[in-house]
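In the part that follows, the structures are each spelled out as structure tokens.
Two complexes are shown next, each including subunit A; its partner changes from subunit B in the first to subunit C in the second.
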Partner chain A sequence: MSDVPAPAHVVRATTTSRVLGLLGVLLVAWLAFLAASDNPATQTKIVELCVFVVVASMWNLLAGYTGLVSIGQQAFIGLGAYGLIVFGNGYGQDVYFSIVPAALIVLIASVPIALLAFRLRGGYFAIGMWVIAEVVRLLVKQYKDDPIKGGSGTSLDVPTDLYPKAERFQTTAFIALGLAVLAVTVIALLLRSRIGLSLQAVRDNEHGAGGLGVNVYRERFIVFMIAALFTGAAGAVWYLLKIRIQPDTAFGVADWTAPIVVMVVIGGIGTIEGPIIGAALWYLVRDYVTSTDSAIQLSDEWYLIVTGLLAMVVALFFQRGLWGSLQRHFPSLQVFPIQRRLVVDDEVGDHRDRKRST
Partner chain B sequence: MNWIMAAIGGVLLGGLYALYATGLSVSFGVMRLINLAHGDLAVTAAFLSSTLVLTAGGSPFWTILVLIPVGFGVGVLLQKVVFDRLVGVDPALQIVATFGLSIVIQNALLKVYTADRRALDIGSLKTKSFSIGEVSVGAFPLLRFVVAVLVLVSLSLFLGRTSTGRAFRATSDDPEAARLMGINSRAIYVIASGIAVSTVFLAGIFSGAQTNFASSDGPGLLIFAFEAVIIGGLGSLWGTLAGGIALGLAQTLGAEQFTDWPAQLFGHVLFLIVLAVRPNGLFGRAET
Partner chain C sequence: MSAVIEVDRVSKRFGALSVIDELSFSLEQGEALGVVGPNGAGKTTTLNMIAGDFRPTTGRVRFDGRDVTGLPAHRRCRIGIGRTSQVPRPFDGLTVFENVLVGASFGGAHRGHRARDVAVDALRRTGMLAKANVRAGELTLLERKRLELSRALSTEPKVLLLDEIAGGLTEGEVLELIDTIKSIHAAGVSIIWIEHIVHALLKVVDRMLAMDYGRKLIEGDPHEVMASDEVKNVYLGTEA
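Then we have the complex of A and B:
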């Protein structure tokens, strides 16, 4: 017999989530170890993977948790990248430091963009964001003076006496890894918070959530700005490595949003883990099928045809994606303890799950 | 005089945009479905037409007679295989599935036709023009405009005067009530997709006869179609025509005034202004 007045308590972290969380920490440590090695090919892979983990996670935060499906995220990538160019080349600032003002510029730009795009709903919001990204791309192409140099593009100024190549690759890999860890942490904390609860309420039933006092517009606005900030920073980090930039690729929907959508959907939309898994799979499979000594070889076109078909199949038949399907069969499976599970303490003192709420 | 020519060119171009937008407008009006592969289907039609002309010879115009029914069939097939599962679901899934379709079509076209640009050869008609005083009007743009208006007129007669059209409007207004009245909404959706794809096939062939095209052009065409729908206002075919014309005018007049700037930017700007000032479009009904 128990004298505890409350007959139930809320459980968040579970043994599984602790074990998986530990594995996650080990994975990050391993990536950091790889980043510290002086292998530029590995460092390039780490940067590419981490940048896509950031942008895919942010797209998922918008699409999977707030119902804002955007196909204009390349606007923020390109703005972040050109912010880097403006502060690095234009104002001669340290290129690593320039990521910060570049990301802040994207944050500021996201306000008018949201004010316009939020007038559209659902699929029309998606294409509206795309039009906005196109406008930004065309305006950047039109600016033909230094440091943007119009449609022909330009290169980030990294003189090797100031930024030795090996050091730049290593530093960029660490920045990218740090940004990815920060982005995922911010998302996990955000979803654990009150905002996270209201976001998920909005996603599940917008009018119902509004009726319960959730300020739908404001919460969406905040999330949209956070996503823009991180997506912009990721764009800057990408071009810190790639150096050469052109508006048509920096603002290209096929270069950015298309792979992002495929990654998130296959990994599992509406889960924190899904985009990370999707991005990792994207790079692993792509490496495998494009290397000359593997059993299956696909050209770029075929790779995109197959992934596009996969995205369709997942969207039509397995809407939860990989991680979501796994979670359905193993409900305790979660790396990030953002769920609230109500455990009823009954008289013999053993714990039994009565109700689950996320 | 240049201004008048630019304005006429803009109106005629607007007819083409309206033709692009018709399918988008119909799919959204009837099913609340947005197909992001809409533009890629237009490019597919242009490529198919060029293949037909290369193998069987003749002018691209006869291929229209073949490709419109083919387009209807493609629409029916897409509806049965893909779109049926997307009606009434979370818009995110519609976007992802049709975006996936768009990636598949673009890369399949790239694989088959390479990245080279192609053009449909319509011979002397391309350069033919009528002169009224100092103003000259291209014969082909005029023909294109007339065809676009004819398509819209016949579509609105179909929707307004036939019993199938009534079923369309009923399904659009309230699918649940329409079903209770014995309307087979699935059959309506199939026809809607058939119309959507066959009109965008027609638009793709007309566009390919005027300017050259490549496998990656679809997204750009989708954006024009989408802008025409939003500028005109959702749920109105005549609004879509007006939206297309407004978009065409913005592009040609903008390019006339600012010759160094890309024409499509002025269309985008008009779209953003309409969005900011009149989010329901020029002829839109209240929020749906």
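Then we have the complex of A and C:
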């Protein structure tokens, strides 16, 4: 290139992102404080919320950023959960530690699944992933021996002398919160990076990204593996709390991917904040309508039906969801400083920002 | 003289429909080649096969003497084939700067400061620097066309493929764009430019290729090609 460009630098964080980021840290601290309390009901809610924050964020990373709409993420939930059973019950490992090999098994399993599913595009990929999840579920049901015990399911072995109940709830709540923070941090760092730039490009125009040198297949593969790893870990954490596991629920599309899609669509697809807000709202409202003293009473099934309809309305008329619509009106609104703002020094003359240049 | 792009007896069929039929031509190093022809002549299809959007049914495409027929689009971009699309393909959610940074980081394979500088340079050369922090979704048509050009430049191409980059612009905007493309050409970039606005082509290109029904009609000096009976016949429907 012939010209010598004028000095320019890139600014990432904004005042809004610093303030909102601080609020986010306070929110996590508050959740950690709640997790430390001796209230199993609160700890259960924290685990459920955090698990869904992880899986919804990961589904959004796939669907919202790389255009891979999967309705088979329950395959990774179930594999992570049964990984926990195999390492905990089968090999007698510490149940907390068993999350790690369980998640790694899911990571390895995601490679052949991706090789198979990536041969399909768009809607065919979505259905293909569902079919894969069903096949895995049926295979697990065929394994009738210990420690899987086929379709009737089994329970995670947590003898109370080794794992006192109060302690297990507290530890699980901390693990779930830690996993959620780690998952969102990984997503934010990924999207902030060079790869993240290309993921956002793929999100907006796949062919345009390929034409600018982005290897769309490879980027998708990486993201698919990251999503599988965290979704598997989340599945294991869930059953650390629930103990009782059956293939039909661990691999159930209505138990997992259906609510995930609802959360992400309502919260705002293609944003980091959207799935977190969607998952939080989903749980807050569900808590209200299923509690005995509320004005509106809904069973879990009816709740999914009503929120599903709501998600359809959002998808039709507010495609960006809650957070995306807010961002449209307040363009500087971002918790995670992903955007790059270019400051050309000689033209803007803003030299104070220079120390923050990248 | 050495050819930087060689299209060697390339054919493209979609099922029973033959779009390109045994087409051969080449682009010399540093040359600007104009491509004209009626709608459906196969101009964009030809460009897509050079850029790697799809592969020819038969025939080879060579770049710098190397057979690139089997390379996917992103690999061809990295070795130096940049392109703009007839319908701009901006990343609406990203800013103009971030759009161009994608090209510099991946097509140009730069990192950090170097990627930033290449992106800034591409914006400057296409007059888009002032719009750097605007989201691409908010741009006007001329700005989207300029962004398309910026992005192609940010990949630091040896060959630039332009697909109706002037289409839909006002006369004044076309003249501005001609100046930009001339300066890119003057910097040593070889160009293949498909365009319906013939006077724009005539101001830039060294050679003209006229196509019809997926075949080469005539090629040579731009003014002679445009004055030839073959081209008049295709455009005006007169008997040769």
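Note that in this section the second predicted complex is superposed on the first by the 332 of 358 C-alpha atoms of A that agree within 3 Å, B and C clash if a C-alpha of one lies under 4 Å from a C-alpha of the other, contacts with A are read in each partner's own complex, and residues count from 1 in each chain.
In this text, contacts are C-beta pairs under 8 Å (C-beta built on N, C-alpha and C of every residue); 3 or more make two chains touch, one makes a residue touch a chain.
As the structure is a computational prediction, the values presented were derived from the model and not from experiment.
Novice: So in the superposed three-chain picture, is A:Ala295 touching just subunit B, just subunit C, both, or none of them (first/second/both/neither)?
Specialist: neither
Novice: So in the superposed three-chain picture, is A:Ile132 touching just subunit B, just subunit C, both, or none of them (first/second/both/neither)?
Specialist: first
Novice: Which partner, subunit B or subunit C, touches the larger number of subunit A residues?
Specialist: B
Novice: Looking at the overlay, does A:Gly211 come into contact with subunit B only (first), subunit C only (second), both, or neither?
Specialist: Only subunit C; A:Gly211 stays clear of subunit B.
Novice: When the two structures are overlaid on chain A, which partner does A:Ala8 contact: first (subunit B), second (subunit C), both, or neither?
Specialist: So A:Ala8 only meets subunit C here.
Novice: Let me test your reading of the model: by the given contact rule, A:Ala201 touches which partner, first (subunit B), second (subunit C), both or neither?
Specialist: second
Novice: Touching A:Ala41, do we find subunit B (first), subunit C (second), both, or neither?
Specialist: After superposing on A, A:Ala41 lies clear of both subunit B and subunit C.
Novice: Go through the superposed model and pick first if A:Arg340 touches only subunit B, second if only subunit C, both, or neither.
Specialist: Once the two structures are laid over each other on A, A:Arg340 reaches subunit C alone.
Novice: So subunit A touches subunit B in one structure and subunit C in the other; where do those two contact lists coincide?
Specialist: Common to the two interfaces on subunit A: nothing.
Novice: Per the contact definition, I'd like the list of subunit A residues that touch subunit B in the complex.
Specialist: 63-64, 67, 69, 71, 116, 119-124, 126-128, 130-132, 134-135, 138-139, 141-142, 253-254, 258, 261-262, 265, 269, 299, 301-302, 304-305, 307-312, 314-316, 319
Novice: Considering only the defined contacts, which subunit C positions touch subunit A in the complex?
Specialist: Answer in residue numbers: 51, 53, 72-75, 77-78, 83, 85, 89-95, 97-99, 101-103, 105-109, 111-113, 115-118, 120-122, 124-125, 129, 132-133, 135-136, 151, 154-156, 187.
Novice: Within their complex, state which residues of subunit A touch subunit C.
Specialist: Against subunit C, the touching part of subunit A is residues 1-3, 5-6, 8-10, 194, 197-198, 200-201, 203-205, 207-216, 270, 331, 339-342, 344, 347, 358.
Novice: Note which residues of subunit B are touching subunit A in the complex, please.
Specialist: That would be residues 28, 34, 36, 82, 85-86, 90-97, 99-104, 106-108, 110-111, 216, 219, 222-223, 226-227, 230, 260-262, 264-265, 268-269, 271-272, 275-276, 279 of subunit B.
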